[in-house]
Amino acid sequence: MKIFYFGRLSDRVGMRQETLALPTNIETLFALKSWLNDKHDLGGALEETSIKSMINQNLVHGDAPLTGCIEIGFLPPVGGG
Amino acid sequence: MKIFYFGRLSDRVGMRQETLALPTNIETLFALKSWLNDKHDLGGALEETSIKSMINQNLVHGDAPLTGCIEIGFLPPVGGG
Amino acid sequence: MINLLKTNFNAGARINAFTKQSGNAGAIASFVGRVRGENGDVDSLYLESYPRVTETSIQEAINAANDRWALIDVLIIHRIGTIKAGAPIVLVCTASEHRRSAFAACDFLMDYLKTEAIFWKKQIGENTAEWVEPRQQDYQDQARWK
Amino acid sequence: MINLLKTNFNAGARINAFTKQSGNAGAIASFVGRVRGENGDVDSLYLESYPRVTETSIQEAINAANDRWALIDVLIIHRIGTIKAGAPIVLVCTASEHRRSAFAACDFLMDYLKTEAIFWKKQIGENTAEWVEPRQQDYQDQARWK
């Protein structure tokens, strides 16, 4: 699975993207966020309410299963062009 | 005295400008308009209320003396750029 | 700056020069008006000005825009003489720090040019030539600023 | 058309090409936004997009503009990557028959780009680098269209 960290999240995580094989017990978006939080020591940065998530480039509201997910994007508030 | 006819007035008069020595009894704008009307057979075109007059490039409202006048412009409604 | 030109101009090149010259402006709005062919009914426009008087009145509109908005610079280029269908007839550029002022002033100046600026306009087609006046819509647009 | 570019672009040349291509449009409004140096505090901006997602969202804004106004054509060019102070960051061009639609749509699209478009923006100065978000004014401008 490809994961993108945009804007200030990329500074926090220390990278803009990574490709990961998830443990089989990570089946939902919220579980993934929590797992990434521990893995990268993010202090809850991914779980802030201002962070939007896109699964396969579609916006997701709340939790969602990761079935068929090949790409996740974590989007902090946009900055304007 | 230089006289300019703009827009549709130039078609009516048949020229865009002329330089005239006025008869000594033509001392005001209204007298001039009436004299030009007869001279060019304008059918009152200069006397229409929509026609604005400029003396030495300054807008004149109503009648005005021609003392010191070196240039007169007769302006039909503007057409927009 | 005001330029009344008897020949065609390159709008893009003028906008670039204006942008370059307007230093630290973050916002440059521009408008290019072209002669519309009206589906073949209009081959060209003939535009007449009153030399100096027309420029003075446009400068007054620029002054009014400067009073109203914080502008860094303004450029108005307007064709006079014969302008073929499809050719640019007017370019208005406004520069400001933020975009709201640039947009509003550009819009305002175009409304001025289309209704009050001292131009007389003849539409010339294959068999016709007639002096035209502003559209009702132009007067309505202009009235927004009063 | 939407272009997200990693290198500088020539705004005037793009406006000319757009004008040429937009056939019988009488009105072409354009807006050029440049990186403001903020009196030396900002050397450059770094702009990040989400490839494809950003373009799709901009296309939706163009569709909304087309629903709302009678537009002949729209062009949006936006820089991504590092953009030095003074360089153009965005160009929006809109073409319509009469100017009201072109002005409104250009204004609307800029407000969209400044608040909702999917870009992340880092201001880079001599000793600073910080992610920034829209100004309050940008949100107010955007709210005009709701």
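Per-chain numbering from 1; labels A, B, C and D assigned in written order.
Please note the rule applied: a contact is a pair of C-beta atoms (placed from the backbone, for glycine too) under 8 Å apart; a residue touches a chain by one contact, two chains touch by 3 or more.
Note that the coordinates shown come from a computational prediction; the quantities given were computed from them, not determined experimentally.
Chemist: Which chains end up together, and which apart, when chain D is taken out?
Modeler: If we ignore chain D, what remains breaks up, so that the groups are A | B, C.
Chemist: Farthest from chain D in C-alpha centre terms, which chain would that be?
Modeler: Of all chains, B has its centre farthest from that of chain D.
Chemist: How big is the gap, in whole Å, between where the Cα atoms of chain A centre and where those of chain C centre?
Modeler: Averaging C-alpha atoms per chain gives centres 51 Å apart.
Chemist: Which integer distance in Å separates the CA centroid of chain B from that of chain C?
Modeler: 28
Chemist: Can you give the whole-Å distance between the Cα centres of chain C and chain D?
Modeler: 23
Chemist: At which residue positions does chain C touch at least two other chains?
Modeler: Within chain C, the residues that touch at least two other chains are 33, 114.
Chemist: When you check chain B against every other chain, which residues touch at least two of them?
Modeler: Counting only residues that touch two or more other chains, chain B contributes none.
Chemist: By the touch definition up top, name every chain pair that qualifies.
Modeler: Every pair of chains in contact is listed here: A-D, B-C, C-D.
Chemist: Enumerate the contact residues on chain C facing chain B in the complex.
Modeler: 33, 47-48, 50, 52-53, 56, 78, 89-90, 113-122, 131-134, 138
Chemist: Along chain A, where are the residues that touch chain D in the complex?
Modeler: Of all residues in chain A, those touching chain D are 4, 6-8, 10-11, 54, 57, 73, 75-81.
Chemist: Residues of chain C touching chain D in their complex?
Modeler: Touching chain D from chain C are residues 10-16, 19, 24-37, 86, 88, 97-100, 102-103, 106-107, 110, 114, 137, 141.
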